[in-house]
Amino acid sequence: MADDISRFLEEDIGDGDITTNAVIGDQKAVGAVKAGSACTVAGLAEAEEVFSDMGLRVKILAKDGSTVEPGTVVMRVEGSAKAMLTSERLALNFIMLMSGIATATDTLVKRARAVNPNIRIAGTRKTTPGFRRYEKKAIILGGGDPHRFRLDDQILIKDNHLKMVGSVTEAVRRAKRFSFSKKVEVEAETLAQAEEAAKAGADSILLDNMSPEKVAEAYSIIKAVHSHITVEVSGGIRPENIAQYAKNADVISVGYITHSAPAADFSMDIEEARGQ
Amino acid sequence: MADDISRFLEEDIGDGDITTNAVIGDQKAVGAVKAGSACTVAGLAEAEEVFSDMGLRVKILAKDGSTVEPGTVVMRVEGSAKAMLTSERLALNFIMLMSGIATATDTLVKRARAVNPNIRIAGTRKTTPGFRRYEKKAIILGGGDPHRFRLDDQILIKDNHLKMVGSVTEAVRRAKRFSFSKKVEVEAETLAQAEEAAKAGADSILLDNMSPEKVAEAYSIIKAVHSHITVEVSGGIRPENIAQYAKNADVISVGYITHSAPAADFSMDIEEARGQ
Amino acid sequence: MADDISRFLEEDIGDGDITTNAVIGDQKAVGAVKAGSACTVAGLAEAEEVFSDMGLRVKILAKDGSTVEPGTVVMRVEGSAKAMLTSERLALNFIMLMSGIATATDTLVKRARAVNPNIRIAGTRKTTPGFRRYEKKAIILGGGDPHRFRLDDQILIKDNHLKMVGSVTEAVRRAKRFSFSKKVEVEAETLAQAEEAAKAGADSILLDNMSPEKVAEAYSIIKAVHSHITVEVSGGIRPENIAQYAKNADVISVGYITHSAPAADFSMDIEEARGQ
Amino acid sequence: MADDISRFLEEDIGDGDITTNAVIGDQKAVGAVKAGSACTVAGLAEAEEVFSDMGLRVKILAKDGSTVEPGTVVMRVEGSAKAMLTSERLALNFIMLMSGIATATDTLVKRARAVNPNIRIAGTRKTTPGFRRYEKKAIILGGGDPHRFRLDDQILIKDNHLKMVGSVTEAVRRAKRFSFSKKVEVEAETLAQAEEAAKAGADSILLDNMSPEKVAEAYSIIKAVHSHITVEVSGGIRPENIAQYAKNADVISVGYITHSAPAADFSMDIEEARGQ
Amino acid sequence: MADDISRFLEEDIGDGDITTNAVIGDQKAVGAVKAGSACTVAGLAEAEEVFSDMGLRVKILAKDGSTVEPGTVVMRVEGSAKAMLTSERLALNFIMLMSGIATATDTLVKRARAVNPNIRIAGTRKTTPGFRRYEKKAIILGGGDPHRFRLDDQILIKDNHLKMVGSVTEAVRRAKRFSFSKKVEVEAETLAQAEEAAKAGADSILLDNMSPEKVAEAYSIIKAVHSHITVEVSGGIRPENIAQYAKNADVISVGYITHSAPAADFSMDIEEARGQ
Amino acid sequence: MADDISRFLEEDIGDGDITTNAVIGDQKAVGAVKAGSACTVAGLAEAEEVFSDMGLRVKILAKDGSTVEPGTVVMRVEGSAKAMLTSERLALNFIMLMSGIATATDTLVKRARAVNPNIRIAGTRKTTPGFRRYEKKAIILGGGDPHRFRLDDQILIKDNHLKMVGSVTEAVRRAKRFSFSKKVEVEAETLAQAEEAAKAGADSILLDNMSPEKVAEAYSIIKAVHSHITVEVSGGIRPENIAQYAKNADVISVGYITHSAPAADFSMDIEEARGQ
């Protein structure tokens, strides 16, 4: 993380915060990071690291992953006013973006678990290049499952792979020969594909872009082959319709929590420290 | 950009795309990147670089910055099926995220220019750490102005700076002494501050969180001091209310186009190349 | 790989091959890389990249993974004598070390498959820091399975983990809750542990440091719980005793093929190119 | 070293030790690194740095370069169980591989010094790419001399150089003109070459692949020209025959101590820390 | 800065200070850095960082930017003799080179301000590749202005740009459209160009290679258009003639203070620490 | 070199050449790099690489190391006007600084060789941090010898080392024990030290800060011990007095050619390419 943060600081600062260098002296300051709206907060650990790297003392006042109300002060920072003003933006960007993701995830988790308490809500690889580890962490803080961080995490045979191979059974056979230590998941767009994948020995099956009814049917077919096969459902699932899918799935994966969740609103008020 | 892309590929791929390595042979393929919804497209140059770095031939079929309809094929890729499947996600992530930003910017630009044809819509530094240059580029492709990339681009004295210095006039004086080659902008929350900044010699004044009426008043006061001072307006401006602000501003800056714009929808269909 | 190779060249060359720079002019040369002993050759692709990066033309005359006799010329290189002499050592180091590993692996694979044609011989993480990807590749070229490249590849609960958790069942439960996309393997030192792990839902069980008889017994116990559980055997297995273990294992993993396999013998003869 | 270690940790860990993260809590532990066989131990300093970088407290109980018996605990580590389990493998890989090299070197040094107390045993550049500095250090800990780390350390004119230049005398002349601060060594395969190199002003002469008798003859010829010329002997020298060479050499260099020495056996036992 | 310093140390040290490693034991030492000639000292902060990174204790005895007499001890260092000898050269190189620049700048500042107390002396981008930030800092310590660090700091339309565009007015128009946050400066070689640039709205005008008389005339013309336009003068200005230019300029920029200023003379005396 | 150049370009350009981006279109241009004063030219290879990396075609019209007259066009560049303007400064900085060093070296070489045709003029480690390899190369192009690039090149026992060890003989003994492949040089400030070093077996002796007469005396004493010992002379030697030292030295080393040589004068004229 330290490497990332120094790279991110450099991206934001360049050769120096010329405003702060020009107008601020050696004053000490106290800064308060405050939520502007209700949200599941995330990114506090990252913001703390940003400020600590700048030599500031940080007190975290809310737990990453907890829910906060508008106006809540989630962090207090103390030390050089220059350092604080120079690093404020990066710290806030971490909190705003990660809290946005955590909040969107939390909403889905709550709606889905109301129907199926054992279900997992998972992310996808539709993340911002270079920022995935923080977006995946925000999903976890929102109660979700990160799913694959990288293409070497698990074998997941998708429609484009199947078009190339021609046969679900052959694709699964190749995958199982390739490695004994990785799980094999197959994306199925039809009931027939789902059944074929289950029989070929897939560890998990991803039902993509099916209606809730079709998902229910596929779920029964798969579990009949082997009760231990994991059933994942994906494609156009939003808070509005997640309850319809949740009963017949072990995992629901959703791209929009990383690529389209609006940021949460946070700001920092800085005041000169008195009597120090 | 080359450095970023190899870093981003590594983030997504890790030690290898084990699915593709396990199930795909040395086939050739053709891939088509298609828009799923109407948008201002961006990120095609980045996607092209991704695919080219993987040894694929790319034909771009839509211009970055142009508007595309749902179903439009914006890019066609040809070459090794393995390379294509391995790099598909990163290429799509560039296009989806950058097109989302370009689309949100374009909407604002059109609404504001209907009222004031000379106005600029600008971004902020509320961007994803490590991905700013692409987000700023997407703003430009959407017709906007990137504003500061980094803290060394321009002097911008904000409320937190003013709290430390105590006086607008003194802050401007320090800023102008610091550098003869950088513009000095001052954030004003009141009419008095705006006027003081103008008289102190600020090159630009940022009116923050004012009502449209107050902006109109501030605009007159500032331009009366010096007609060449740039007036920027910011704070809670969205497509719904931008027309009310646009008449009395040279620049309107908006954070949500980078931190909260939903991604555009793009996918890639890959088919085996025949007759090659 | 390109990054590694430039780093490795720098390690070997420093600020320049002062011998070559001092005594060699702009001559052209032809170099032949020759095996000094029979072996399963590996590292030719890496050696080719080394020489190509130096601007030399390379013809590979043996296939990585094939068996070669003493005296076989496996590669011919052509171009600047300076470039060839400067990069010779790194190219040879790749071939010598990787061929040593491939040869040791191949020997084990042949002996084990004589008994059990479906068995896999796998490596471990007992590799040279910084060189693992090449050592794992050499295992694959020798007919083996790389096993985990990294600690995030698969969950493998070892004796030290079990000491901390206290219970096999609880450890497996935690592991399965942690991730739905990773396999869970448990190291068992007793029959009771093996059975407990199988019943708790482990995907694979590693029998560590057991006699062939005990392995046979454990194998039956595990397969009785679930026929699909993978049985891996490890601990002091060498060419001499591998046949005794091979019948009752799906995978045999061996550390010495990476940490103690002697290098194969290769050298390069360089001659001035005439008539060019 | 710090850079290497963080790179090596990343190679081994990837995005996280998922086993440890899944099953271990915030327990404290004590770990003991134990030798499995008699050896000259090396790599303790590197292992200490690995563990320290992970925030663990380390007590080293044997001196790098000393001889240890089977069962000796060479290091004790204390702190977070998670950190210990995550970094155990890299620390052990350093100790196992470096101790293997130190042990092989020590054996040669002892046998050669029994005959010639002033002789040096030196390594070669036949090392693992990226790990040379640790392999050279292990040679030194085993009582040997590292010889060239890199091609810019010393001029060493080998057979391939001589084929290009055509004349020993001319090669030495060019080398001495090139630099006044580097020693010039010449590899000789015949007595005539050895004598020519000595007369041309070489600082050292490397007798390659000669029988012990021929080495004795060459040694006399060289020392007759200048008593201060260093005589190095190389080529197929092993513990079995080193005594025959040792009398007529200032330095004996041996490739197998880095490329083929078997690793020493070390393991780590971790137990939960009580009463802390 | 930390990154630079470790890179610079590596450049100077390579694989180790073999002299110090060979001949020095674990002694403690005290070192005194002394000026050999009168100068404006700079680089002490960098030298301190070098020594601190090596684990040494540093006491700075002169202020960066102050004037020192020959023989002045500007810094005292204490700790490991090995560390001190290994890092001495880099620390001295910082001080010698930066003090040379600060001294040359200070001389110009004093001569110019005798004529015009408000004038700024600025550097150029004629700096040593990779060392610019330190050279610019030395200019500031000598009382000067750094001018552009990089091409993205400010728009500066030079003769080569004007040749391409064809018209000063058009070039300024394009520049102002490009960005609202950057100043626009134009290089003028004639009075007509200067006037055209002023009228087109340039923020600053650089008079290049004009005689003092022509500068005076241009200055009047420009200030008549707008009193707030900054007038910069450049081209062949040295201590001998700066007074002639200083009256009619806001800024004088000079390349030789970075590319041709002789280094100041500093050395370090190291003595064994007694009684510690 | 490629790494350096992309780092140097980034230092100069930052996020983009905003002037060129703002005012220049897709024109083609031709640029001519011209000498402003007579000098020994160097840095053309580096400038060529800079321009080539930007996609420009380069024709080199003078040989690095040759002498050029004022007005000589040393290089012609062709291609995108944008690329040319963006990279012009870095290319010129290489040529100006390296030619300054080559010119200063050449002057010394000519004066010293008039007296002693076999003498070498050598540089020191008093170079600009991060730019040493280019400064050393410029010395070589000026006819000089680079001397140590790094502290691991050769053992050079200086006054500060001797203060720590206490005895010249003991220091040489330790140095020779440390390594058989590195030369050992000793800095002597008195005749007695010079003689002691020679007798102790030093390969070279550096006479520091002695008068020409004392150098002559030391030279005789040293050569009487061993005619093959290299005598290097250093300390305050300039073009004015070098002839007095040159007769009694094998090498004269001079710091000012890197730390204080004024840059040579070069500029680039760019014109729009017609008829292409």
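First chain written, first letter: the chains are A, B, C, D, E and F, and each begins at residue 1.
Definition applied: a contact is a pair of C-beta atoms (placed from the backbone, for glycine too) under 8 Å apart; a residue touches a chain by one contact, two chains touch by 3 or more.
Please read these numbers as outputs of a predicted model, since none were measured by experiment.
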Via touching chains, chain D connects to chain F in a minimum step count of 1
Given over half shared residue numbers means same and under half means different, the chain C/chain D interface is same
Top of the farthest list for chain D, CA-centroid basis, is B
Taking each chain's centre as the mean of its CA atoms, the one lying farthest from the centre of chain C is chain E
Taking each chain's centre as the mean of its CA atoms, chain E sits from chain F at a distance in Å of 22
Taking each chain's centre as the mean of its CA atoms, chain A sits from chain C at a distance in Å of 35
Separation of the C-alpha centres, chain A versus chain F, in whole Å, is 54
Per the C-alpha means, the centres of chain B and chain F lie apart by a whole-Å value of 46
Contacts with two or more other chains occur in chain B at residues 14-15, 133, 149-150, 152-154, 179, 182
Per the touch rule above, chain B residues touching chain A in the complex are 4, 7-8, 11-24, 27, 29, 81, 85-86, 88-90, 92-94, 96-97, 100, 125-134, 149-158, 160-161, 163-165, 171, 174-175, 177-179, 182, 256, 259-260, 262-263, 268-272
Touching chain F in the complex, chain D uses residues 120, 122, 145, 147-149, 152-154, 179-183, 185, 201, 203-204, 228, 230, 232, 250-251
Counting only contacts in the complex, chain E reaches chain A at residues 133, 149-150
Contacts from chain E onto chain D in the complex sit at residues 15
